[in-house]
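One structure follows; several queries about it will come next.
The chains carry the letters A, B, C and D, assigned in the order they are written, with residues numbered from 1 in each.
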Amino acid sequence: MSALLKKDWFGLGLVLIFGSILISLFKPAFISPFNLYVLMLSVSLMLVVAMSQMIIIAIGQMNLSVGAIGGLVAISFTGLMEVYSMSILPAVLIGLLIGLACGFINGYITVKTGISAFIITLATLYIFKGMNLGITEAQPFYEIPEAVKFFGNAKIFGPIPYLVIIPIIITVLMWILMNRTSLGRYMLAYGNNVQSSELIGISSTKIVIYAHVISGLLAAIGGMLVVCRLQLGTPNIGDSWLLPSFAAPVIGGAILAGGKVDVIATAFGVILVSIISQALVIFKIDPFFVQIFLGFMILLAVFINRYREYREERRTKVFSDE
Amino acid sequence: GHGVTKVALVPGGPHPYFAAWEQAGLDAVEDFGLGKADYRVPAEWDLSQQNELIESLVGQGYNAVLVFPGDAVGTNKILGELDDAGIPTAALAGCVEQPTQAKFCFGTDTGHSAYLGTKELIKALGGKGKIAHFTGFLVDPNTTLRINAVEQAVSEAGGGVEIIQVIADIDAYEPADEKINAFMAAQGSEVDGIVTTAWVPAVVAAQALTNMGDKRIKMVGIDHDEVVLKAIKDGYVHGTMLQNPYGQGYIGSYVMDKVRQGCEFKADAPWKSTAQTDQFIDSGTVFVDISDVDTYVMAMRGISLEILETFDSTYLNCPS
Amino acid sequence: MNNKIPNFVKTNQFGLLILVIVFICIFSFSTDGFTSRFNIYALSRVVALDIMIGLAMMVVILTGGLNLSLGALGVSAAMFGGWCMESMGIPISITIILVLAFGSFLGWINGFVTVRTGVHSFIVTLATMSIYFGFMTLLTEAEAFRKLPEAFTDFGSLKLFNKYISPLLIISVLTCFVLYYIFKYTDIGRKLIAAGANPDAAELSGISVDRMFIYCHMLSGFLAALAGIMLTARIGAAIPSMAGHLGFDWLLPAFLAPVLGGTLLSGGKVTVFGTMLGAILVTLINNGLYLIDVGEFWVRFFLGIILLGAVLLDRAREYFTVKNSIVS
Amino acid sequence: MSDYILELSNITKNFPGVKALDNANFKLKKKSIHALLGENGAGKSTLIKIITGVYNQNEGKLFLNNQEKSFSSPNEAMNAGISVVHQERNLIRRFSVGENLMLTNLPKNNLGLIDYNTVAKESKKWLDIMELDIDPNTIVSDLTVAKMQLCEIAKALSLESKILLLDEPTSSLSPQDTKNLFALLKRLVAEQDVSIVFVSHKLEEVFEICDEVTVLRDGKNACESEQITNLNRQKLVKLMIGRDEQIIKSKKNIDFTDESLLDLQSINTDLGHKNINLNLKKGEILGLYGLVGAGRTELIKCVLGLDKINSGQILLNNKEIKIKSPKDALEKYKIGYISEDRKKEGLILMHDVLSNAGITVWSNLKKILSFLNDSIVYNKVDPYVKQLEVKTPSYQQIVSNLSGGNQQKISVAKWLASGTDILFIDEPTVGIDIKTKSYLHELIIELSLKGTSIILITSDMPEMISLADRIITMKDFKVVGETINNHNYEEMSSSIMGNIHE
């Protein structure tokens, strides 16, 4: 029991359970199959995005370009299928490749120049988003193969959408990566203390590049999943990812200075954020109040999960010393 | 004596709605002998970015500016400065609020369009039912106009219609998808009609209804996104309020050239009035449903030609 | 010891200055309108605002934190100012004082919550961004204040120095000098920097770190409010959307200027003039790209490339100067 | 063929503004324990880092088993059979002890995933060898400083390398831990043919276990592979600092019946201190002895208002005071604290010497409108920095580029400058060379003669006995004894240890 209490996800799990019970007491529609389906969809998409940011938080950096990568891949993916009539599989592969390349660029420049990833990804955010706009001239692509549309819309059984499959696999893989592989442990070690881990013999180059490449790949997958969901490839995909991508890991106990992330708690963070924004709709909150509520709910969520860590977090900085 | 007219057509930011302006400008150059009529897009939806772009366009020698106001109030300042510098401007597609130095507003009366759309929805519902309204950023003054217009149309319906929910701030696809679907889950069985008054909510709501296969809920959208048009053809969406971006760009460029040649607006020009301005010319708003969704382009062209043909005689006093 | 290279050359500011000059040359020769009076005046106004926003972010980065609520705060303050002038008829000078106080107060909330709860300022300001913006929209019902005193709005379009320069730029540059003075030549400024660099050590050395952090947030609020007033004067009205949804439009310039200026993201270092030069550089590039006509859809792309180039060049300069200062 | 396992010849290493090593030579014989000595900043750690591939030398060669090698990363050195305990702590604080020990070579199961049971089992083995009673699943940040240091040594051992480099491994160990460690090191040399490089500032330790000595002074060899048998303490000190050592003893007469200046009365704290009573007389050096973890640092932090005092009172000049924060302590009551953890709490490493040395005096020096410039601060702190002979190229040097010892001097200098009445000094000479140590000792005595009252926390028994006027012993967050110091090492140490072990 006391071991459970120590877990980052435990407090959040309780909040989720009690919160859901409370909401469904007031609004039974909350646990209707269709609502669960909608909830799972929004969780699925954000999960991938949150993981993409989480792995960069793990090494104590930030990736401002997640959304830009996601958007670029989304429109490349649909563009290839619409303009070049490419079939789905190669389009997916090229999409992943673009994500990988973007991540590699971020990681490579960051580690080779020693400039903070915040700055590098701020610049690449402009570059990737600029390419996106330059290619599309702000026009969406509409010609999506039926199979893609089906994947984004159909249910496996009950309220469970096909779309959750990939995010769930990714979450499991991420858990294994962060908890059971040397690579993941080295990333966390690196995030904990860059100098120590270099002295231990961990190669910064490898760690940083791998983390960014994984982040790029996840952002790419996120972008393509959004295409499946929206059934069109608009240049705006990814524009709204940045804040939720940080909010979920941080609500899940991640420390922005690096070295501490928790995959399960991050997933719970995503669910919590989704439930909050859904609750705002379900309870018909006046649109003029929505922002205010959202702000207070974020603070509340973080308080609940953070209180016991008060001392550690008190003065951690976002960026470790360069 | 005024040199060639070089018109810049500047939207508020990158958005598919304005794409037709590009061709419209080129056609205007061809048809009316302008020097230039270029479609120039700010890199972001951001008032300051738009201002910066416009300022740099003046530096590049453009001498007339047609602008979709990044803000109905905020854009006035720069329009005034351009006017002081001898560069005529006009608001295109959406209006700026008076007092303004923009020569006129040529576009859609956003409030009126929402009002008409809601009327159409109420008609389709047979005068009673529960409706929801999905719209864009709250801080856009047009959003408030739309919310009020929808309320007004509902209040005129005489009690049979009720607005059960307004969802705003969904001008991005992903939050829109999340919120609209959450709404469908919670109120889908209760709601009878949906009116959307912004591009993204219209697309997402049309997509949601299509995905659900729901033909019971009546929806009236806005604009001409393919998703919305297809949903109309497939019967998931009742209709949409179309605007006339091509005509705006084409006729707007023409008028700017005339103004630069010294034409003045007639004192008794039959301006329309909107909540924002009383120097408004309607570029045409039409409601299309399944019956005319395939032919709306022709209908729009008809409206444009009609406006163009009578424009000089109706609005302008030109030096001979 | 080798001291052939003057100290100033070793700084980030020097690198930026060179870049600024290079870009001015490139744009003056390759475009028509760049040196026109209209363009320079327009640039001076844009730069003025970007400097102020950059400074407002810089003073929170100093603490090792971030202020995401910057834009929301600035707009809230500006709307408050609009309300004072239009609805309450309060004179301009008093309004300005009230607005700056109001901005500092919102900044104080950010600082107080951050310090007292131990939640990171990134999250606190993420939440207050929503809250401030939400309250602002709720209270104003998204209505703009546009019947502002003419003396006030005229100031925004005043042209000085042979009509080349906006007075707003002068305010910003003056602010830079004041901040520079504070950080370099006052006890309090030094304490702010020390607290940001190593809070634990500063605390044990008799500095009240919590108070310093709150001061930084208040200063940030103050500067954001000042930016809000300046923007109001420039557009002649206080508009809820003047910094975009949730004030987001301010965030990129807010980060770019200090970051290019050499402010350390981990805190404990400020570069006031670096931030100023950073803001100038970004504005120049943006403007130049529009003039050069790369096609607006590609502007962001090239802006990104140039930014990347600028930080890489700066790193190269640093490397070079360090290498040259090695004793042999 | 020589029987040197490791040989460095003519190594030069430059840092911006500093020549850390200047044509230095070093030879490590097989199966020997070789002491690497020198003042702070002499270049010892730099040499270690060159051997382990952290830095690349600018000039010179490195031979391993008579073959020329150059390591471009710590990994390569590790693979070549060199393991190291660096001067800085290098454990990953949020990881468990076991994982830290195994980190470079985490055991995998047949799926290729980390097997944490094996991690625990394997690491337990090395903890047992070190006679460390720690559960491998403990998170490192929950350990005391001493335990962390021991874990770090265990980690180095776990690589089973033939060359072991230990950079000040005993700096935070208790005498008992040190004794155990030495026994183990001797066993490794005898039984497993390991060769060890040992860096320390404690000469007793060097004489206890080392065979050969190399001394660095300003990056140059002051002696090279000298047999320990040819040296004595005096000679060694002379090699290191260029002159003889001075032994300092406080010869004051404190009237212990005087009124106390500072009085802690039945203090109970949040951290677990029980009924602490102690008083400090004017001009007295009150020693606070205890084994590491006795709660001394924590007591001081509670007094400074950083943690909560639940009951009891603090009297200053017989008046009850409430200290809310270190700022309060400094500005209202003229009480200062020199932290034991100079990197985290003592210094702002990224700032220059001047702002670190001046931080405590800014408030006092500020002029109208809070005006303050460098020269005002410089005038104030310069005498103290000079007095401590801080070795720095200039006041603009960034503190993190100074050697550990010089950093410590700066963190002392700033409190000297602030001119407090009461000074808490926590482990002032950890990692400090002999020369500086005696300066610091002199300084502490001089301060107290001038009327500053000092509470001195140190785990270094000789230091305690040579400096303190009265020694209070703490154990498990309680005061367990009080002795007036007669400066007789044998008597005092047995009486203190008697208090602890009673």
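Basically, a contact is a pair of C-beta atoms (placed from the backbone, for glycine too) under 8 Å apart; a residue touches a chain by one contact, two chains touch by 3 or more.
In this text the structure is predicted, and so the values were computed from the model without any measurement.
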Return the chain whose centre of C-alpha atoms lies at maximal distance from the corresponding centre of chain C. D
Here the gap between chain C and chain D, centre to centre from mean Cα coordinates and rounded to Å, is 43
With centres defined as the mean C-alpha position, give me the chain B-chain C separation in Å. 35
Per the centroid of Cα atoms for each chain, what is the distance between chain B and chain D, given in Å? 72
Among the residues of chain C, which ones contact at least 2 other chains? 137, 141, 200, 264, 297, 299-300, 303
Residue numbers of chain D (touch at least two other chains): 350
For chain B, residues that touch 2 or more chains besides their own: 14, 41, 43, 138, 169
What are all the touching pairs of chains? A-B, A-C, A-D, B-C, C-D
Residue ranges of chain C touching chain B (in the complex, touch as defined): 31-34, 36, 38-39, 42, 46, 49, 137, 141-144, 146, 153, 156-157, 234-237, 239-242, 244-245, 249, 286-287, 290-291, 293, 296-297, 299-300, 303
Chain A-facing residues of chain C, complex: 64-66, 68, 113, 117-124, 126-131, 133-135, 137-138, 141, 199-200, 209, 246, 252, 255-256, 259, 264-267, 295, 297-305, 307-308, 311-312, 315
Please name which positions on chain C make contact with chain D in the complex. 1, 184-191, 193-194, 197-198, 200-208, 264, 268-269, 322, 325-328
Going by the contact rule set out above, which residues of chain D touch chain C in the complex? 14-19, 304, 306, 325-327, 329-331, 336-337, 339, 344-351, 355, 359-360, 362-363, 365-366, 369-373, 393, 414, 418
Listed in rising order, the residues of chain B that touch chain C in the complex are 14, 40-49, 51-53, 55-61, 71-74, 76-78, 80-81, 85, 97, 137-141, 143-144, 169, 171
